[in-house]
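Listed below are the structures to be examined.
Okay, so chain A shows up in both of these, paired with chain B first and chain C after.
Let's look at the complex of A and B:
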């Protein structure tokens, strides 16, 4: 029997070999800002566990390298990822000297590369399995629950990121809620304003080009510039409009961030509403008119449901974009996870950067998967109904 | 009248921008009312012209590198030899675009230190995605009859790629480059938080010292640059599409 190689597997196996044998698995630092010392897998773990982890990733690499059935590749990637997730916590506890609260143990490049390689394998398997929308959300839920369980179990408590978290747990959740409020609030605002504006643009052709052009220009302006440009007018409003300051409108802080995110969100919502409505088949509209539907009925019962998946795509773009952009709000005092990112950059404390960046990435990623699944479901539903 | 008005407007914005960054002193009286306690009205810790040029150079270097790599990768995965990577590369692009640029920027710092390098890396990595996505879309949706004709004319794989596939895909790939440049201009602005020399410096300095004049001039220059460049690239894209439209007919 000749061995057959999987092309992607060659890439994955190469990464695994380099990461497991040459790159450091964890970094040990005497305190949170000094440069770290590298520790390989065998140095970072008790001997038996170290050998076990090496065996798991090497077998995983070989399974990826050869042409193997999907189910085995799935199992290999999951086993490797779970082992890595658990053992990095063990490494943290193992490397921390007894009773030392200053030492910081962080996952190093080898760990991240191994995670990347096996996530790649998992992503490839999941892509090839062609999962239904519901099962994709299910996989996401299982992954989220597993991570939550690891966090609650305290297994990761000896890792540097969680030490940064432990010393600012209260502000973490306050910034988290600010971040979500900014991203979701501006989205809700954009939907409330954007969909009627899109319908108007669809009905009144003379408005369309103008409105879309203006929104396009706003979308082009870099976020921090737009935040900055809004400070002056909002400061003026706060000073001169009675009651504005009382409801929280100020030159810096949450108000300009909220307004900027709202403005950015308008283009995808309005443009997709226009595109969605324009894509409604003429026959559907004619039939509705023939049945004696009023304009309003036609809009609510025919046009809008048919355009809905396209509008939803716009909402997905906005949500993912807002979750990312909300990090920049921290620069103008608007709060959010960006606070930790920029504090960390300022103090060259990379664990603090990760404390801000990882939840942002996780939020954006989860939002993308969930909304993609919803879009696919509404789109297939529509196909089934019209067929 | 309608036809020349937008062109005139763009020209006016461009002229104003050039005058502002070359001799900002002329605008001092306009910006002075925004400052307090006799703070300077014009950014005084570096010349606006140098910062603008450095900002543009960073974006240019990153975009050229990203374009070469992204188009090469897209070509690779659309050949029979690389077809195995096609589905995965699609999902990777989808996943990659959910990463916020700021996170990419901040996470590049531990790898390469502060300064221009992390900014270039973040711009490069983030710039790859839209170009790759558009190149992939263009190369996988080429009209079947044109490809058939090229094959029938006895063209080799290489000739088909250079003479048919790439020229036909050019407008869509250009669209990807345009998106990538706009994102890069914005990310480069944030790059000044990791000590890259870009126009973001002006805005950040204004935010730190509570000087609205700095914030406003930095914001206006960056915004005008982005809008003008976006506009210019759109025009090139329309020109390419028109040429391809005529070429294919």
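Let's look at the complex of A and C:
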């Protein structure tokens, strides 16, 4: 009998082998800023649990390596991810000396690589299962609930990131809401301005190249430079426009961050609106006119619905991009998860950096999955027709 | 009745339609034929004001077509185009209901009309109504396109190469359907085509356009017998002329007394079909039957050949 290997599985198995056998599973530090000491899986866990975890990931790696049925790959990836998530919490409690509140236990490269490898396996299985948009959102919800349950259960409380969280719980949620407000608010602004601008560019050909070029140039300005450029005009507005300062417009702070994110968001929205409208079949447009639709009816009943999936793709790009970019807003006092990232960098406290970075990545990831599902639903509504 | 009077369309220096005048009688089909760039589509689009003329007047039943806003005018005129232009995001039933909906018909009336048209076009309303256009074959899509154009019971139907994208078999069927429906509703149809065969077959009158000018506007037999210019002559196709002439008349008109051997040909078939059958089977004569199977007489090769000669 010959064994057959799975192409992606070879990569996954290699990562698993390195991460489980050679990379450190957790880091132990006497306090939050001194360099840490590496702990392997067997050192970081009680002997039986250590052996169990090692067995789970190695079997999981072998299942990934060989050509195995999808259902087995699915089970292997889920079991491995759940075991990793639970046992890293156990390792935190196990490694912390009794009564010591200064010691910090953090997941180390081996843990992250194992999470990455099995997430890759899970994502590959889910792609091959060809799930419907709703089930993909469902899987996302289950994952989010599982993570929430672990957080609430207190199992991870001995890990360094959550210790950083515990001392900043209030400001964490305040910054989280600022982050979401910045990312979503600038998106809403860009949609309100960008879609009509895109329609205008579609109708008035002479305008198109000019507008798209200007937006392209804005897109190439580095974000920090754009913040700097905005300080002067917004400061002037705050001083000279009555009421502007009262609603929070200043040279630094949330206003320039909001304006910068808004400007970055315009190009994808406008460009995708133009492309979407240009993709409307000529014959459908001609027929709409020939049957007596007014320009407004044609736009709302024919052009816009047909262009909508493409416009939505632009909105998806903007949302994911904004969730990431909003991190930079902290540099000019705009708030958001970036606050923890930059504080952490300043204090060389990696755990604090992660406290800002992990929620940002999770948000962007979730936004991408949800919007992809919505795009697929709007695009397939007119293709798939169940009898 | 559609009266086109001295209509001209200029884009900057180029004259696309040059001082065209013609009258289309009610309840007839006029075909406009010409090469691409001859201005035939522009002429058609000036009737429902998708293109506004530079000068000249179009009157529908005596009323200037500029007496109502363009979009209202277009709701009262059927419009079918090549590649059908169905809305891909709407079902077949919704597509057909487009103009009645714009006109504000009530739901029951719209549903009744959609069902009537779909049945007329041999599309089961239950099965095909909820489908999307991409789920239909090319011929079905084209039928839905014409049904949609007829939905609001227009007196006038404009068609721009409506059968251009169809294969020859479906195309013939679509042409027969159109003739039947024209007879049933008494719609005045103006149909643009580049295919002389189609123009001769469908048109009560044919308008030949060349470089923006109306070169000849006459009955098909007249066009075939007396082409007004070399251009029309070329368009008709010298070698095709006798056969096109035969295709204009039914076998019934060519019947001679007497009988013949072999299978009969129906009286409704064209004389061209009869000649083809005679030549192919090598027989000198064919029996002719009417719709009830009653023997009418016979057609002969000799008789048909005489009829295919240039009319004096």
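Operating definition for what follows: the second predicted complex is superposed on the first by the 381 of 387 C-alpha atoms of A that agree within 3 Å, B and C clash if a C-alpha of one lies under 4 Å from a C-alpha of the other, contacts with A are read in each partner's own complex, and residues count from 1 in each chain.
Everything below uses one rule, namely that contacts are C-beta pairs under 8 Å (C-beta built on N, C-alpha and C of every residue); 3 or more make two chains touch, one makes a residue touch a chain.
Since this is a predicted model, take the numbers as computed values, not measurements.
Trainee: Superposed on chain A, are chain B and chain C clashing or fitting side by side?
Mentor: fit
Trainee: With the two complexes superposed on chain A, say which partner A:353 touches: chain B (first), chain C (second), both, or neither.
Mentor: After superposition on chain A, A:353 lies in contact with chain B alone.
Trainee: Could you tell me the angle at the CA centre of chain A between the CA centres of chain B and chain C, given to the nearest 10 degrees?
Mentor: Once the structures are overlaid on A, chain A sees chain B and chain C at 80 degrees.
Trainee: For A:284, is the partner it touches chain B (first), chain C (second), both, or none of the two (neither)?
Mentor: Second partner only, chain C.
Trainee: Taking the superposition on A as described, I'd like to know which of chain B and chain C A:223 touches: first, second, both or neither.
Mentor: The first partner, chain B, only.
Trainee: Check the contacts made with chain A and report whether chain B or chain C touches more of its residues.
Mentor: The partner that reaches more residues of chain A in the superposed model: B.
Trainee: State whether A:306 touches chain B only (first), chain C only (second), both chains, or neither.
Mentor: Second partner only.
Trainee: Just checking: does A:327 make contact with chain B only, chain C only, both, or neither of them? Give me first, second, both or neither.
Mentor: Only chain B is touched by A:327; chain C is not.
Trainee: Enter the shortest inter-chain Cα distance between chain B and chain C once the structures share a common frame, rounded to whole Å.
Mentor: The answer for the closest chain B-chain C C-alpha pair is 23 Å.
Trainee: Spell out the part of chain A that touches chain C in their complex, as residue ranges.
Mentor: 281, 283-294, 297, 302, 305-306, 381-383, 385
Trainee: Name, in rising order, each residue of chain A that touches chain B in their complex.
Mentor: Interface residues on chain A, with respect to chain B: 6-8, 120, 123-124, 126-128, 217, 220-229, 231-232, 235, 252, 320, 323-325, 327-328, 331-332, 338, 341-342, 344-345, 348, 350, 353-354, 356-357, 360-361, 364-365, 367-368, 372.
Trainee: Note which residues of chain B are touching chain A in the complex, please.
Mentor: Spelled out, the residues of chain B in touch with chain A are 34, 82, 84-85, 87-88, 90-92, 94-95, 97-103, 106-107, 109-110, 114, 182, 185-186, 189-190, 193-194, 200, 203-204, 206-207, 212, 215-216, 218-220, 222-223, 226-227, 230.
Trainee: Which residues of chain C touch chain A in their complex?
Mentor: My answer: residues 48, 50, 71-76, 79, 81-90, 98-99, 102, 130-132, 134-135, 145, 148-149, 158.
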